[in-house]
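Note that the chains take the letters A, B, C and D in the order they are written out, and that residue 1 is the start of every chain.
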Amino acid sequence: MAEDRIAVYFCHCGSNIAGKVDVDKVVAWAAEQPNVAIAREYKYMCSDPGQDLIKEDIQQHGINRVVVAACSPTMHEPTFRKAAAAAGLNPYLLQMANVREHCSWVTVDKGEATEKAKRILNAQIHRLPFNEALDPIEVPVNPAVLVVGGGIAGIEAALKLAATGKKVYLVEKNPSIGGHMAMFDKTFPTLDCAACILTPKMSAAGKDPNIELMAYSEVVEVDGYVGNFKVKVKKKARFVNTDTCTGCAACLETCVVRKVPSEFDQGLGKRSAIYIPFPQAVPLRATIDAEKCLTLKGKKCKQPCVTSCGPGAIDFEQKDELVELEVGAIIMATGFELWDPGQDARYGYGRLDNVITSLEFERISNASGPTNGEIVCKNGEPPKSVAILHCIGSRDLNYQEHCSRVCCMYSLKFSHLIKEHLPDTEVYELYIDMRCFGKGYEEFYRRLMDEGVHMVRGRAAEVTDLAMSPEEEGRLIVKTEDTLLGIVRRIPADMVILSSGLAPAKDAKAVSQTFGFGCSGDGFFLERHPKLEPVSTITDGIFIAGCCQYPKDIPDTVAQAGAAAAGALALVDNPTVKVEPTISYIDPEKCAGCHICVGLCPHVAIRYNEELKVAEVITAACKGCGVCVAACGSNVPQQHGYLDNQIFAEIEGAMAF
Amino acid sequence: MSTNGSNGFEPRLIGFLCRWCSYNGADLAGTSRLKYPPNMVPIKTNCSGRIDATHILKALKEGADGVLIAGCHPGDCHYINGNYRTAGRFPLTQKLLEQLGLEHGRVRLEWVSAAEGDKFARVVTEFTEQIRALGPLGWSAQFVDESVAAPAAEKEAVPA
Amino acid sequence: MSKFKFAMYWAGSCGGCEIALLEIKEKIVEVDQNYEVVFWPAATDFKYKDVEGYDDGFIDVCLFNGCIRNSENEHLAKVLRAKSKVLVAFGACATMGGIPGLANVASAQEIKDLVYRDSPSIDNPDGIYPQERYEVPEGVLDLPHMYDTVKTLDQTVDVDYYVPGCAPEAGQIAAVLDVVTAALKGEGPLPPKGSTVGVSPKTCCEECKRVKEEKKITSFRRIWEFLPDPEKCLLEQGLICMGPATHAGCGARCTGVGMPCRGCYGAPDGVLDQGAKMLSTVASIVDAPTPEEIAVIAATVPDPVGTFYRFGLPSSLLRRARV
Amino acid sequence: MRYLYYPGCSAEATGKAYDISTRALMGKLGVELVELDDWNCCGATSYFSVRELDSFAIAARNLAIAEKQGDEDLCVICNACYTTLAKTNRYMAESAEVREAVSGALGAVDRTYSGNKPVRHIMDVLVNDIGLEALGEKVTRRLTGLKVACYYGCQYSRPMGDFDDPEFPVTMDKFFQALGAEVITDFAGKAKCCGGMMMLTKEEGALRMCHELLKGAHDAGADVIVCACPLCEMNVEGYQPRVNKTFGTNFDMPVMYFTQLAGLAFGADPKQLAIDKQIVSCDRVVAAIPA
């Protein structure tokens, strides 16, 4: 093999690195290191001229190993590897030294930053002679896409993808798609009827020949990798044959169990044990609630549903079904949960009548809701005064630090709806700041002020029913500091709406673990990069859209769903995808067949060859964790890109001075 | 002899970071411009499960005063349970090193997610201070040449 | 035809290697035909001054067993290196420190304190320790100086070949002698310098006849606690068997009789540190639902140094405990 | 069961009945209380606002004594003492500055403190160490039919909420339910401030707060208010005449330390519990309890 000729490029990154690291000093030092043929600095290595430097040196100066000291490899390693490849150098003979995120940005002292940069760089200089030329592994891509979650985000993404002719599996855990948006009455700030704009999309998703709708189903297992995911979906038993059920709802009327709190109506309305969550449900099919149905609970029932069902669709013997799907990409659109305001006892939710959540109010104000759209208190009377409390569970260090982004606007929408229905009712909005950042939002806020809504700047301290004056008797009293007036106020109200924040779904963590990407500190799904890759996850081929990533309003959700669909399409529209070759291999000449690695591989990518009596890596299944390498007593499995001698060389380089 | 920061002992540390969580957490610390001591050089692997005791011993042998291993939180591993292997190897390695006379805090295992830039900065700061308090390890310095010529009467030089 | 010059020396070790040479049985006759013993204190009467008087390179092959524990071992290692054409580190002690190498968990002084002062059975009210120099009317008596650190032969002098094992297995000894004899006779090449000879390329597991399956350990056991299944891999039964991190060549005789491998044949090629590697292997196969539980079980392995470095502490990465 | 016991200054003066009834109650329950040797004021309330570090040192002296005196947890009856001592532990754990300053101060009087002595509110001990079930079994006179408003006060579980919800505590409710009482579980004032020291500096404001508490209990039909803090007890009970005068009300609400009422349930004599020392007569409360 030819001698190692390493070129070192030290990027200033404007002043991001050069402002802390003495670049000239490091470069002069680097030039003196063994195997280093060239050491250069440049203002922006990622720019075209910067990349050209690398290409020229490879082509004209016989450079056969490259280290670029710059930002995190997560950022620009692909950029530089591509440049190297363009000049004819195997891209895996290029390493990056992260002297920005791990050095210049985190170090106070310039001298110390310079020394650390040298050590980080030296680790890579030592490593490079051990690097092997590798070729990315090209694998075929399954063109189908799985969309998890059938709210507006999932529906939108599925429709977009289906329109390109791709096969889409849309998995929804509830009996119908529609998500939270289906529960809303109006949408801010345009006051479009939510159902009017959503149901056409729901129905389109239900009818699209390219979309296989799997409602009342949950993903239980995900295996595989970009382009080739294997997904196990549990189709929960509905106890109704969905092929024959026509959705006529005749059974609903006959069911003897009639007082089940309706999930869709937030428990304010009732449903029967056999139910269709709401009239526009897609698929429009009945479902039997196994926990409520007398027959399924083993109790006696005359089963009027069976007799009332013309097509004979009721099937008490139905079982959960496990379906295996193969897809090339996955879009997560699993949404949010309303923050449970019962956690903050001061507001009396669950304890005081007529203290309700925003979602409950959505149902109350909805014409198809439990009160047929009449805004009334529990006693059926319309409220004379309503207080809307912002930031419940949001912007609160005790609970959720984040701003939920939609509460200010939906609260204003509530005010408008109340004023529209009940013009004489006093409405109070108790807010910290009004955050009206979207198109038409600030205008909507002004309009509401003109409608006579009382804006009280102050976070509500407490809701109590302890009346201290005759006019407070029998009512709720909201205590707050009015920070504009500088006084403590007691605001009597007949209805208190808690504008609860958006919280990550309770199973968000578990779901992220099933799919193999992380959650951020706030519990929402973690995007690959907050600005540049907001719809990607750290797992190639898995995208996110909607409120599972972070609270957002409908316009943003729809936009992100489109972006996620585009991301997925950009992947599955190719016949193949290249995956990192940093996977394990086993030399059969050395393997003693002890079986240790076989049982440890998390991806079942090692099998035992009974004939040769050795372990073998299944190349397509290996994801490159290196657990087998570390576990093997004789270091027989080795991992390309993370060979032991490469890691040892890095240690030596880092510790050389 | 242990020296503290004021008389100039700067610990030299190695940090093995898994690519998906901890390395990204370190990146986030950078992007957030959090500040922490410059003593640790990070070495990236795909998974903390790739690191075995050999790498830790190698780092100590090469002059590291302390070694940090950082991986994904249990359950968050990009490779399902690679970090479970790390969790098993670590205490046994620690026990071995203590038998060889190393203080308990010389090696450290932490779970740092990609979202925990602040935790990464805090861990490195704490760890640096911890090793600073323990003083230099200087493993190779303890091997003196005990040659034949050494007069028997002379006491053996034993560096601390 | 003149015979080749043969030497064997016993430094810091138990003497088992000397006996092991005789395990080659009738093959010893062949050795006698081919070699003239010029130094072998255990078998024949030679003085140090005899060997010190030889010309450099006088000895054709020297089997050196034992570690370098003291000044006498070191002196002889240097002398024999100079006098021998081929110096073989013979047995676990010479190759990697061996059982005496476990003394590296302590300093020389600590060992002396234990032996001459602190051990419960000691009766030494005057606190008398051995003196390295003692004058008697006949002259001065010297004892070798005991070092703090046990070293391997190759940490002391240049070594040509390594024959591991505690002790090396007879068949392998015979094979090594055949190769060397043939080379000396010009009938074949010598293996490349620095080779470990008398081993096979894989690990002990290759030679072990037990049935091996996926390994998941929920607790560790010791050999006196139960009677292991005679067919099944010992590691799978919770016994710490060093087989996966140990060179094959011994024929897996220990595991064949139900004793876990203790690692005397040393690290396989490509393993930097046998103990660290085996520790990682053992800890990797601990199985429990949570990382915390795994950590608790893994930490129950008693005496990691004694278990994983039974033969190799001086040749390990860290070589010894802190002094 | 054995605890180190810190009565606090109030329990030697206005809150004497709290101390007396605590000892009687715990005696009935077979819990041994070992009074802390040479304890001093916890350093509570206003001093914290003026010289915080000194306050921590004052509190820590008690903790240092406790650590030396025994391995048992330190049981505290007064809400303010409890919060102050627990807060000192917390700050010592979290702030190197506080730790060093406090250690220095203790050093000056030849004392040391590790920062690790568990500080326990007596209610925490009762509900979590003895347990509701065991308590229920030991009751000799169930408080059947008695309507009780549990007044926790503002420092009972704030701010840490170590053993109960900081904003809407429930342990005392459960405690008296176990004793057979009918508890007004949604008593609106349960964790509100009684006005505290403000009674001396801004009486009008403090009276308003007491008024709200009394009205809440009264409107809910309470027979008695029970307290866990000497200052709460004094304000809510002793200032009833002045509340009545200011707000034109007519409250005559019995107010007791919760240990007094509980003591009755476990068979202690009203005199043993110093119930006769209360300002608003509690005779009807005692009489209302079925024999």
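Rule of thumb we're sticking to: a residue touches a chain if its C-beta (ideal position, glycine included) is under 8 Å from a C-beta of that chain, and two chains touch if they have at least 3 such contacts.
Please read these numbers as outputs of a predicted model, since none were measured by experiment.
A.B. asks: What is the distance, in whole Å, between the centres of chain A and chain B, each centre taken as the mean of its C-alpha atoms?
C.D. replies: The separation of the two C-alpha centroids amounts to 34 Å.
A.B. asks: Averaging over Cα atoms per chain, report the distance between chain A and chain C in Å.
C.D. replies: From the centre of chain A to the centre of chain C is 57 Å.
A.B. asks: Could you put a whole-Å number on the gap between the CA centroids of chain C and chain D?
C.D. replies: Those two chain centres are 71 Å apart.
A.B. asks: Return the residues of chain A touching two or more other chains; collapse runs of consecutive numbers into ranges.
C.D. replies: 600, 627, 630-631, 644, 648
A.B. asks: For chain D, jot down the residues that touch at least 2 other chains.
C.D. replies: Residues: none.
A.B. asks: List, in ascending order, every residue of chain C touching at least 2 other chains.
C.D. replies: Where chain C meets two or more other chains at a single residue, that happens at 271-272, 277, 280, 284.
A.B. asks: In graph terms, nodes being chains and edges touches, is this line, ring, star, complete or other?
C.D. replies: Topology of touching chains reads as other, fitting no named class.
A.B. asks: What pairs of chains are touching here?
C.D. replies: Between chains, contact exists in these pairs: A-B, A-C, A-D, B-C.
A.B. asks: Which residues of chain D touch chain A in the complex?
C.D. replies: Contact set of chain D toward chain A: 165, 167-168, 186, 188-189, 211-212, 215-216, 219.
A.B. asks: Under the touch definition given earlier, write down the residues of chain A that touch chain C in their complex.
C.D. replies: 589-596, 598-600, 627, 630-636, 644, 648
A.B. asks: Spell out the residues on chain B that touch chain A in their complex, using ranges where they run on.
C.D. replies: 12, 14, 20-21, 23-24, 26-27, 29-31, 33-36, 38, 41-47, 49-52, 54-55, 58-59, 62-64, 72, 75-82, 85, 89, 113-116, 121
A.B. asks: Which of the residues in chain C come into contact with chain A in the complex?
C.D. replies: Result: residues 201-206, 212-216, 233, 235, 242-246, 248, 267-272, 277-278, 280-281, 284-285 of chain C touch chain A.
A.B. asks: Can you list the residues on chain B that touch chain C in the complex?
C.D. replies: 52-54, 56-58, 60-61, 74, 83-85, 87-96, 99-102, 139, 142-144, 146-148, 150, 152-153, 156, 158-159
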